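We call the chains A, B, C, D, E and F, going by the order they appear; numbering starts again at 1 in every chain.
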Amino acid sequence: MSGLRVIAGRAGATTATGVAHGLGIEPAPCAVEEFPDGELRPRVGSMIGDDVYVVAPTGPPTSSAVVELLLLLDACRRSGAARVSAVVPYFAYARQDRRGSAGEALGARVIADVLEAAGAQRVLVVDPHTTALEAMFSVPVETVTAVPTLLDAVAGDLATQSVVVAPDLGAAKLAQRVGSRLSIGVAVVRKTRTSGRTVEATEVVGDVADRAVLLVDDMVSTGATLETATRVVLAHGARPDVSVLATHGLFVGDALARLDALPLRRVVVADTVPVTVDRSWISVRSIAPVLAEAISRLHGAVRT
Amino acid sequence: MSGLRVIAGRAGATTATGVAHGLGIEPAPCAVEEFPDGELRPRVGSMIGDDVYVVAPTGPPTSSAVVELLLLLDACRRSGAARVSAVVPYFAYARQDRRGSAGEALGARVIADVLEAAGAQRVLVVDPHTTALEAMFSVPVETVTAVPTLLDAVAGDLATQSVVVAPDLGAAKLAQRVGSRLSIGVAVVRKTRTSGRTVEATEVVGDVADRAVLLVDDMVSTGATLETATRVVLAHGARPDVSVLATHGLFVGDALARLDALPLRRVVVADTVPVTVDRSWISVRSIAPVLAEAISRLHGAVRT
Amino acid sequence: MSGLRVIAGRAGATTATGVAHGLGIEPAPCAVEEFPDGELRPRVGSMIGDDVYVVAPTGPPTSSAVVELLLLLDACRRSGAARVSAVVPYFAYARQDRRGSAGEALGARVIADVLEAAGAQRVLVVDPHTTALEAMFSVPVETVTAVPTLLDAVAGDLATQSVVVAPDLGAAKLAQRVGSRLSIGVAVVRKTRTSGRTVEATEVVGDVADRAVLLVDDMVSTGATLETATRVVLAHGARPDVSVLATHGLFVGDALARLDALPLRRVVVADTVPVTVDRSWISVRSIAPVLAEAISRLHGAVRT
Amino acid sequence: MSGLRVIAGRAGATTATGVAHGLGIEPAPCAVEEFPDGELRPRVGSMIGDDVYVVAPTGPPTSSAVVELLLLLDACRRSGAARVSAVVPYFAYARQDRRGSAGEALGARVIADVLEAAGAQRVLVVDPHTTALEAMFSVPVETVTAVPTLLDAVAGDLATQSVVVAPDLGAAKLAQRVGSRLSIGVAVVRKTRTSGRTVEATEVVGDVADRAVLLVDDMVSTGATLETATRVVLAHGARPDVSVLATHGLFVGDALARLDALPLRRVVVADTVPVTVDRSWISVRSIAPVLAEAISRLHGAVRT
Amino acid sequence: MSGLRVIAGRAGATTATGVAHGLGIEPAPCAVEEFPDGELRPRVGSMIGDDVYVVAPTGPPTSSAVVELLLLLDACRRSGAARVSAVVPYFAYARQDRRGSAGEALGARVIADVLEAAGAQRVLVVDPHTTALEAMFSVPVETVTAVPTLLDAVAGDLATQSVVVAPDLGAAKLAQRVGSRLSIGVAVVRKTRTSGRTVEATEVVGDVADRAVLLVDDMVSTGATLETATRVVLAHGARPDVSVLATHGLFVGDALARLDALPLRRVVVADTVPVTVDRSWISVRSIAPVLAEAISRLHGAVRT
Amino acid sequence: MSGLRVIAGRAGATTATGVAHGLGIEPAPCAVEEFPDGELRPRVGSMIGDDVYVVAPTGPPTSSAVVELLLLLDACRRSGAARVSAVVPYFAYARQDRRGSAGEALGARVIADVLEAAGAQRVLVVDPHTTALEAMFSVPVETVTAVPTLLDAVAGDLATQSVVVAPDLGAAKLAQRVGSRLSIGVAVVRKTRTSGRTVEATEVVGDVADRAVLLVDDMVSTGATLETATRVVLAHGARPDVSVLATHGLFVGDALARLDALPLRRVVVADTVPVTVDRSWISVRSIAPVLAEAISRLHGAVRT
């Protein structure tokens, strides 16, 4: 298994190029045709005996991204790849790691199952929403993190007297990790999620008064969680100087309208999904170097 | 396994209601929530011990329909269904039953594999594009046809001196079947498909001069095949009186513009995908009775 | 599939009897022989066409309990059972739902995989440590809870001015649920787990001063977590009147010595593992009624 | 797949060191932590692209050894091993290769299935109790033998006028093999096994009078079989000079008490399970060279 | 699952009819067409929801019988059977339960695997050559025996002063079982099999002088084993009055010529394969009642 | 995976030798023993770490060829092969790619499934009857063609004023391909197949009068299709000068008698099955070079 190949469909093309260059190669050729009825047809080159990494974030449009990834995996295995790894910088459906109520599907497990059915022999993900994601796969899952990369972007621009704030309990561990790295205090907003789209904040644990705020979370989706957390910490006396650090920047729904209304200094995200929105306060950092390092390790090129 | 359940997501709701009523029951409750990031979350009721039929055409938007079907199947099996059958009136990706050239995916097989991975224990399809579709599944596939239903719609309105025309070789067998049923002659247009979107007609085998034309095919997609075939038969002297009989009416891309320009008497399709376009020359026949009969048989209620 | 059978190995015998009686039947005969070299050999009766529920907690001795369950499942399927469900009141290895560091195993997934390999077609668990447990199984997992049962035992004996305390972040949601049910306040002890056996407490979030304490957690293992939490809340002024509510009472290692030293009013646990220790402050509630209700539902006997 | 790795849990550590040294490498680092509740947690190093051999006898405590092996296999595959082979010098449950009576489990097959489920891609065993063991695995099984090694230990110390005795029919082929190698006569004790623990001898086929006895069997478990056979041959006039040759020395139950009472010259066993009992008449030979040779061959390092 | 169906291809037709009648039903219709190129095409009726038993011995022509069984199983599952059981009265390749030397195939396991791949969900066999056969299947295997049936045929015609003789070690247990049932002595011929077709006898263990001989074995194949055993016992003084009891009567190769030369009183076999040879000394007993009883039990019709 | 091995059973021996020589190696040793009862036992050499190609056409006797291939695949995988590819020059049962009527088996899928069950990790076929064959396999299928090889044989001996004739619709695409390569016209005979063995011709589409005929098809089986087509084109005025080009030359049933009666110039076939019939008008071209090229590519030896 000598040949290292990095390949991507449509959404992952930029990242794949960055990853390939980080590995000192060019991305392997790949075209994905979309027919008028919405069917997709990928075409890749010969991959006989190769160790192939298919870069495919599953951000919006989620369904299309998932199906495209399935077809790409199949094309690679049928083209003779010795091993096919799915590199999924943003892993959709990770929040459906349990059935919230009877009658629901286990979305995360479904995605895991169909990726394996389509030929994924290994998976590489960035900061998945659930730490149990790897346990939903039969095949090995390698998890890497964008947080150090994002911290580098934040560290030089940190307001004095800042506090790291987790917008909910789920982000508390991340906040502690960030606080520890930056040597500043941590606070947690405890909320009650009442439905899939609306949240209801309750209280702040920790001291935020007169402090600039660094909100941390794994993703920015509709911005609702951030909006609520911001309003809560402002109500508790925080300074109207809010930065956000999050791995995945989806900015869907009313996200921009919501966030435009907040006193944001900056929102730092990685490019685990292509960021197509345009705001001065958004900073995007490339995840490619982190992925390239992981792939290099998995390919075995840098064994010591 | 006593309980017979018919359930549907969004695209299959109307058909499922028709099917259920044909079986003398109500469709089982099912809601599919769509989040701002495009993720879907179905919710079904308890199905313990039931024989469940999930009605889900995979027409446009294809990817979304496929993912919704995967989640629905998973929801049903985890809710205790004794057996889950996927009822897929229009089966997408059936044209990808082989790799047209090296490096492509086997789309039809991928869809088959992921449906099984998500829990489909049996599949019911209507006039699939490839007769080999059932051989791509491990689980039993039941194939039913809309052609008699469509013929009923056509039979009473047939122009005198008509000819059944297959727009390409792939439709030749269907044309012979229809011609035999209607006791009229058959002709075949031989084309060379030069790409996924454009076709190039060549010749007509059989006599079409001074005849009204009944074009038959398994589906109307962009209308390009029909347009070409019509122009060819007109050039060979056919009367400008063209009817079309096709099971699946997708009408994607420029279909309406193309077809509006043709001397169409009528286009008869089944509702294997929801037909949302509005033209006087489109007649839609319900596939629900055919599906209800098949499900009744598969459920075992009518064993003699 | 008409016959409902409840069967158990050695550890689950008492529970199985309770479950069977709750269902109005007798437990099916089953003997497990243990040879001098530690190999086990179960023997069950004929189960042709039956819907079999194998009750087998996987508490200490954990490995032996796991292997016994594997053999029991195999014996049932080879004896003709139409469906075999593993009823695992206490599910071991649930904490290994992710690899804490590179090189570890995914214990929870391993147990899930081998149960399926040995023939489990459905799983029934009580208050598993991880909510993502069901996503590690291909087969449906039914989760039930002992909390209402335990609350019934606690409700009549609640000290005035009590506070519900979660001994760590992982128990916070459970504490909120209990607090809400009992209409009393909630506090959380935030700890840092420094190794598998020792914990280091940090702070209390919420007011505990002058209050009796109701510690809640999913399990009592070595008692270390409870001991630490108790010392922390006492240091913050709580009254030396501590009750504990936990589903699984393992009481392993130095648990009794640790707990004897605390001002315990009572420790209420379910019998998801056989409780063999003897202390006046331990109350054990039977999980059998909850399991019987769930099995009755899964068997389909009570469909409405 | 370049890296050859030999790794072991607790029971296989000594053997693994011997095997590794025989291959000119060091055993790969591996630690297995045992928690107070009996759960195990292995930790191995990175194994990306390696050809890994997990040495793990499944002798007593059998259940714990089996579960530890399952976890080790999983840890290796998730750490990136290109291929994981289970080296099981003593394979437990091999006697359960059929159901002795209805209602039993097929223990040998269960162990085979769960090893594969946990990631074993190949298996290497020493003198398994049943020759059909390999047919219970989907993956290739390599069987090696300790008999030549044990014979080397016996050959120089053979009493004049000896006879090889099989203590039961199952050992008859082994006895013939040994007799042929040593060029001495063979006799067989025919017994009726009346339960798992007691045996009842009947007769001796072949001449043992005035001869020293070399009893051969695949394993010494409780010593009951050997005790009975010895008493029978003594009753038939054999000299009170008995040697035993057996691959697996378990010495469980009352084995030592039983054997101490016999006129034993020596008992020669391999270290397929760690021999922790201490008697002057026990000689232990290392199986490591045989395993090292087999692994070298399987790894492909010595292809000619 | 209400409908009980018994079906057969070509070789099993007679047995299937007997089995069906024993169950009070008619065999389900089934035709197997053979094309000039040797391909087979079975056709069965609708089996929706049925419990189907496919009767198919795999005697000579073995390969054709195996392929026919595979196709029949597939036809049944795709025709809607709720459960498909393979009833294989004579199970070919059972002797290949281990690789006799490196480089061979595991024929028994291959047949087991492909039967499962083609849809067998349960297997029913008669006196398989290896007791470990069931451990090669994932699905449950039910083993029944023809020996009591054959003994009934022999019992009334037993010569005075008979001895039961096992022609080799492999038949020793069977001989003991028969001897015990008939209350007469047992002897064993020990042979060395030097190749697949020739055997070399060595000695007789037990007394045969002046006795009529009842040779017992699981099968009569080429008759070579019986011929050798007969010559050996005659040389040891047995009376030239030999009966044979064997479940499977294949009579292949030079079997008839060999057996015609022996002083045979009779050869009693079951019809687990169709017996087409014609000799006065061959008695054939139907296995149908034994199979019918087993199927009745497996179908659940006679649960008590 | 360094070692390239080409191996064959009985039917593929000649082709395997040609393939091996084309690759610059010798075929690996392999013997297949056939016992008097028809069971087969292959024996191969050690294949540890090798990339093995098992050459095995499945022509008549079809069943025996299929079972032999299954055993060979198993022998190779259990002998340590790193990858086992089935090279099936003629793939039997390809016509059973769908159920012609209810109750039939899906023969093509059954063969695909059992090859995978026996260890095929990749498949290489020549001109399979159905283009959807690859979609019936989970593993990658590589399809190569003998047509250029056959055309080379035909090109130099082409009668002036020839026409390429497809004997039925299924061969129309092949005829167009051949006509295009030879720059001569194409005609199609449209037939109605009324049963598996008899055909009924109807008409000729295209001009054949006064032309020599080059009939093209994927295979010559019983010759019935060719005979009918020849009679039809002669009746339409073709010259009695008929050549045939077909990949697979089975010549079963009455093929020779049928073809002897036709005005055949020559029949050119490849040796995808051994051609054992002897006629002056049969020319056989070796498929070995085409297979060698494909294997070289798949093995990765010629990556550019």
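Basically, a contact is a pair of C-beta atoms (placed from the backbone, for glycine too) under 8 Å apart; a residue touches a chain by one contact, two chains touch by 3 or more.
For clarity, every value in this text was computed on a predicted model and none was experimentally measured.
S.K.: Once the contact rule is applied, which chains count as partners of both subunit D and subunit F?
M.R.: A, E
S.K.: Over half shared or under half: which fits the residue numbers at the contact of copies subunit A and subunit F, same or different?
M.R.: The interface is built from different residue numbers on each side, given that under half of them are used by both copies.
S.K.: Can you work out the whole-Å distance between the CA centroids of subunit A and subunit E?
M.R.: Distance between chain centres, rounded to whole Å: 62 Å.
S.K.: Counting only Cα atoms for the centres, state how far subunit C is from subunit E in Å.
M.R.: So the centroids are 50 Å from each other.
S.K.: Using mean C-alpha positions as chain centres, tell me how far subunit E is from subunit F in Å, no decimals.
M.R.: Taking the average C-alpha coordinate of subunit E and of subunit F, the gap between them is 37 Å.
S.K.: Using the touch definition from the top, which residues of subunit F touch two or more other chains?
M.R.: 1, 46, 78-79, 99, 106, 109, 113, 134, in rising order.
S.K.: Name the shape of the chain contact graph, picking from line, ring, star, complete and other.
M.R.: other
S.K.: Determine which chains touch and list them pairwise.
M.R.: Pairs satisfying the touch definition: A-B, A-C, A-D, A-F, B-C, B-E, B-F, C-D, C-E, D-E, D-F, E-F.
S.K.: Which part of subunit A faces subunit D closely enough to touch in the complex?
M.R.: 1, 134, 140-141, 297-298, 300, 303
S.K.: Help me check something: in the complex, which residues belonging to subunit B touch subunit F?
M.R.: Touch residues, subunit B against subunit F: 97-99, 106, 108-109, 113, 130-132, 134-136, 138, 169, 172-173, 205.
S.K.: Could you list, by residue number, the parts of subunit E that touch subunit F in their complex?
M.R.: 33, 35-46, 59-64, 66-68, 70-72, 74-75, 78-79, 92-93, 95-96, 99, 101-107, 109-110, 113-114, 116-118, 196-197, 221-222, 250, 252-254
S.K.: If we count contacts the way the header does, which residues on subunit C are in touch with subunit E in the complex?
M.R.: Residue list for subunit C touching subunit E: 1, 3, 46, 48-49, 77-80.
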